[in-house]
Amino acid sequence: MSTQISERSKSSVTGSAPFLDEAEDRSLGSLDERLEAADERFYYANPWQLILWRFRRHRLAMLSLVLLVLLYLGAIFAEFVSPYSATWRAQGLQMMPPTSIHIFHEGSLHRPFVYGLEKTLDQETFKYVFTEDASAPYPILFFTQGEEYKMWGLWPMRIHLFGTGEGAPPIMLFGSDELGRDIFSRTIYGSRISLSIGLFGVLISFLLGVMIGGVSGYFGGTTDEVIQRLIDVLISIPLIPFWMALSAALPRTWDATQTFFAITLILAAVGWTGLARVVRGKLLALREEDYALAAQVAGASKSRIIFRHLMPGFTSHLIVSITLAIPVAILGETALSFLGLGIQPPAVSWGVLLKDAQDLVAVAQQPWRLIPALFVIGTVLLFNFVGDGLRDAADPYSA
Amino acid sequence: MLVYIIRRLLMLIPILLLVSFIAFFVIELPPGDWVTTYVSQLRTSGIQMSDQEAQRLTALYGFDQPTYVRYFKWISGIVTRGDFGWSFQWGKPVGEVIAERLPITLAISLMALVFSWLVAIPIGIYSATHQYSLIDYLATFIGFIGLATPGFLLAMILAWGANQFLGFSALGLYSKEFLDAPWSFAKAMNMLQHMILPLVIIGMASAGSTIRVLRGNLLDELKKQYVVTARAKGMSETRLLLKYPVRLALNPVFSTIGWLLPAIFAGEVLISIVLSVPSIGPLLLRSTLAQDMYLTGSIVLILSALTIFGSLISDIYLAWADPRIRYGGLSK
Amino acid sequence: MRKVTVASLLVILALVLAACGGAPAAPPADAPAVDAPAAQAPAAPSGEMAKEAPSLAEAVAAGTLPPLEERLPKVPFVVGPGVLLSEANVPNWAPGQYGGTMNSAHSVADWSPDVFVMMNEPLLQAPDLSVQGIQGNVLESFEVSDDNTVFTFKMREGLKWSDGEPVTTEDVRFTWENIYGNEKLFPTGVPARFRTGYDPAGDPMTLDIIDDYNFTLTSSGPYGGFLRNITIEGWNGYTELINPAHVLKKWHPDFTPIEEMKADLEANNLTDEWWQLFSQQKRCQSWDVTRARCIGYPTLTPWVSVEPESPGIMVFERNPYYFKVDTEGKQLPYIDKVVSVQVEDVEMVNQRVLAGDVDFLRESTALIKVPLYKENEAKGNFRTVLTDMHVDSSMLYLNQTFNDETWRKISQDIRFRQALSHAIDRQEIIDSVYYGLAEMPMVSVGEENATYDVDAANALLDELGMTERDANGMRMVDGKPFSILLEHGAHAPDLEPVAELVSEQLKDVGIDLQVKRIDPQLWDQRNLANELQATMFWGHDQGWDSDYTGSDSFNRTARLWHLWHQTNGAEGEEPPQWVKDMYALDVARWSSVSGSDEFNGLKEDSFAWVRENLPAITIVEKVKYPMIAAANLRNVAEGGYAIASNFAGEQLWFEQ
């Protein structure tokens, strides 16, 4: 038995962790010594510690997790991180490309700064041309005073992470849209709704899915039959069309917050079914295993058998499903907003920004307006990488 | 097996009933009844309608009766006469409007499903057997990108790119010269060309998840004892792989038809709107926005029913392929 | 431009003189002969030049179609330079070649505004869609009595419906007596345009049929605006007075027993409401030309609707009986076929433009896309013509009769509307949304109210008693938050960004304006049901001759007052005196002859009334408008209203 375990732990060290930190391993001495030490820790560690250890070896997943945390921090402190509010407009600077940041002024090195801009209309092409006024540099300031805002709608503040200060030309890292709004600030503000829709929605569907799927899978028989048919119905209703239909009945006067909660609930109400199916399918197969029978014989309660003995057998599968579910919710929001059925301006979400960017002029001539799309794609990828790492880490078979 | 199929077919009845409740719920959603809407529409066109006439219409459609009577009228119309109601937007029976566009939706959806499998199954198998190889990463990454990019945006960018760089106008089902041409081989080829973009975009989105599922399942299977045993007995690697683990790992893939189809339909709706494919998708969006509720409800009903048949087929396949499920479903 | 106007005035003068003198009225269609001596009555087919499209010539040869002489009226309408569009706007008018398919695109189910405008044939017509130089169109000519009460019309002898049936005064009589005169179809009698002064409460005109081709309409009082009312006012076309009686009689109980309509009634969920079947399904008015149900219905339009080969498109083929010819006697239209494809996402209409899949497009273009059009002109083989827009492209409407007491009190106070007008920074909107190609609304708002002045706006709002503010600085009324819900149908690409900008700008004076986009059809329903609190939509341009007060816009400014006026007090709510003043001004203006001193005086009064009362808040005036035309499309206007060029579809041709 013990050899088998060390076999497995070896495979986890060499095989399933491609981003193994070689230097760290070598510092632990010879392979055998290290394995023995690992065995030692392995015997006494609880499963979650094991998962954590293995996850930390998964570099891509770790990096993704760090980036996700940064994104969520940005969403939480959006007012502070973004130099402007989501609806602030730069007068006369509509459709401006991202501000260039300079470090040389008149041939000499300077702290990072921006120049003022002059906008003119090219009479031939009808394009706006922006020319820099190189006479005066405006340094980029950190923790600077800027537009007043209310932190979390509570405390009036003026301090921003960065900016150019009052009277200076604006700094717009991702350029501006057709109304002169700062796309960087809008992306940060937009992440608030988009990132939380994914999280809340999936949280609700996870709870529903595991509970209902668990019951269905373990009890089988009539209970299973009824639940399965219910799921069949829910699952067979194409989400977008159904939500489109529902949206027709949403009270017109609902504001962004109410719409937000409605969308979250809808996404969750249909989202749980997929998870429930996975849980049920796995349980159906696992409950025939000897150890389930053993637990039953030992007098364990049904819920204990489900949640204590059977569920851990496919945690990995659940985690893969969840990590796929969060980005699906995020994408769902963008799709609904694209159809004009989700969050409506002036509220800002990534869906709203994508709808703004769903413009041929943006694709052909103002590609910076597509930057919010990169955030959507990036976030979805990050969740998937994290899920991948978790899967490898939590998989009992690869242990 | 036959018993199982009959049982499953019988189970369809309550499911379809439930779906029809939901579709009817959708129809009844907007505030006010549609006779009011209809009267106001008639008045737009300069026709005055007396209260008497409005009342007669109200009675005709049962708006003076309880909901269940209205439901019964509606559902019996569908079952007995194939009458799905009246579309105000199109001034035609709903059935006619849908019949015109359903074949295109079905063709695109099924082709996208097959396309996603054609892409996903080989990649999934390769990824699982060559775990952590460069191609595994690449496949995973491409799968993720397919999954992560909002299809509507991708559709617009690709349509623009196809025109800009290949000089191919990707919108609609035909190029302009074939729009009003009678059917011909050239027109059919032209249509196929126009279907590439929607197929790839819709198919890639579901291929991403299929690759994930297949790769995960196959990895689990490959670690099982029987594989080790077979390998120890000197069975060839390909035969070993395809004979059992792949077959077993594919089961959950096929079992996901039930939830892949709605995703594909949803994708089809979005992509068709952007690419102007005259399918159910744009019809649904317009009917929803205009609150043409008989049309909206009927589309929800039909798409749901189609998905139910899809998952029925996948369930029957699963039961046939995996006896545990067959007996598990029967034991009581 | 001036020259042309003078010329047309002379023509009118000559016509009026001729009419008064009782001399045989010269066919007005011949008027352009002054400029183009080549224009004669169509010469008999002479020499080798084909006078009809090759496909029609084939049909004639095969015996399936009568020869051209039998298809054209005795006096066809001759299209030459300066006839449909002024020579100033189409300096290089040239007779064209037959052939080609015109591709267009539309984005609303069953409705293509570009095709509709192109197909529209009014009873009378004037170049550039103006009302200067009115001449015959579907009707051949007219005479007006000195006191502007008796209007004698001559129809085109030999004019045929697109199914080959003759058009006679029987079609007029049927329309007047069996449609307008039927109380099921028109419970309130003839429409306002056939009442003195275009007044819903005015006396109806009377119809007298003289013979198969001549009839008179007589009004009880002077109705000097009647001629211009049956040109383009309301875009209603010839179906206002001429409908194919031979088809419609089959669906009218005066001619056909209701029992014979049973099958069709049942198919439409009806029992014996023939009038609904008649107007909803069987009769096609000008507005219905693109509806699928009107395929095969006889028309007088240049092209007729045919069954398409695939769903999602509309197809129109040339009308072999069309009554217009060019200066060389060739039957119009030049272009064989018009195909419009339904585009589901308006944005993708522009994709079709870039791909060169569109030969003509007006309604769905946007100024903000001009750089994109310009960049792709060579590639897509099209050109972008910057023309004028015929409407004030975006106006803020506050429905003053919306069902909310607080709202009514505030929105009906002129100071509130003045405050909003001051709070809108129009220059920013012109720069952001209109590419600088629009002007401040000096005519409909006036310098005094159009200036951007936040202090003035705040002062006015404070004066109204809206001094209380919530935590976010938004104004409250009676301790409750004050919020305006603006719902727009995105009828044009500029409405959404303008509404969004206005909403942002109003925040600066503490007014909360929520903007929501809804489907155009739903928008229509809500507007009619008085459910829109505020909206953004266009309003007729002040340069347009027919509408100086915005009375037409009152449907959105105050739905219930408008309804009251339209139904002559039967429905809706009675408007206050200042609105009644406006309606009275309108009637007076419609009663006067356009261009007369009386008319000009009333026009100035109308402008003054608008500036004084601000019924709706105009954002910009004189907006430019891009129009897309295939590079080889000829006889397209280079200036003037884009929609006028759209209107003159029959003279467009492709240079091969």
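Letters A, B and C mark the chains in the order given here, with residues in each chain numbered from 1 onward.
We adopt the following convention: a residue touches a chain if its C-beta (ideal position, glycine included) is under 8 Å from a C-beta of that chain, and two chains touch if they have at least 3 such contacts.
No experiment lies behind these values; they were computed from the predicted model shown.
J.: What chain is the most remote from subunit A, judged by the mean position of CA atoms in each chain?
T.: Relative to subunit A, the chain whose C-alpha centre sits farthest away is C.
J.: Can you identify which chains form the pair with the largest number of contacting C-beta pairs?
T.: Maximum number of inter-chain contact pairs occurs for A-B.
J.: Determine the centre-to-centre distance between subunit A and subunit B, using the mean Cα coordinates as centres, and give it in whole Å.
T.: 26
J.: In whole angstrom, what separates the CA-based centres of subunit A and subunit C?
T.: For subunit A versus subunit C, the centre distance works out to 50 Å.
J.: With centres defined as the mean C-alpha position, give me the subunit B-subunit C separation in Å.
T.: 42
J.: Would you pick out the residues of subunit C that each touch at least 2 other chains?
T.: 345, 347, 351, 354
J.: Show the residues in subunit B shared as contacts by 2 or more other chains, in ascending order.
T.: 156, 160, 164, 273-274, 285, 289, 291 - these are the residues of subunit B that touch more than one other chain.
J.: Using the touch definition from the top, which residues of subunit A touch two or more other chains?
T.: Answer for subunit A, listing residues that touch two or more other chains: 340, 358, 360, 364.
J.: Name, in rising order, each residue of subunit C that touches subunit B in their complex.
T.: 101, 103, 109-110, 185-188, 191, 269, 273, 275-276, 279-281, 291-293, 308-313, 315, 337, 339, 341-345, 347-348, 351-352, 354-357, 518-522, 524-525, 528-529
J.: Mind listing the subunit A positions that touch subunit B in their complex?
T.: Subunit A residues touching subunit B: 16, 18, 220-222, 224-225, 229-230, 232-233, 235-242, 244-249, 273-274, 277, 281, 284-285, 288, 316-317, 320, 324, 327, 331, 334-335, 338-341, 354, 357-358, 360, 363-364, 370, 373, 376-378, 380-381, 384, 388, 391, 397-398.
J.: Which of the residues in subunit B come into contact with subunit A in the complex?
T.: Listed in rising order, the residues are 11, 14-15, 18-19, 22, 26, 29-31, 131-132, 140, 144-145, 147-153, 156-157, 160, 164, 209, 212, 216, 219-220, 223, 252, 255, 258-259, 261-263, 265-266, 269-270, 273-274, 284-285, 288-289, 291, 293, 296-297, 299-300, 303-305, 307-308, 310-311, 324-325, 328-329, 331-332.
J.: Under the touch definition given earlier, write down the residues of subunit C that touch subunit A in their complex.
T.: Checking each residue of subunit C against subunit A gives 345, 347, 350-351, 354, 368-372, 374-375, 428, 431-433, 435-436, 485, 487, 497, 500-501, 503-504, 507, 514-517.
J.: Sort out for me which residues of subunit A touch subunit C in the complex.
T.: 87, 89, 91-92, 94, 121, 124-127, 178-180, 252-253, 255, 340, 344-346, 358-361, 364-365
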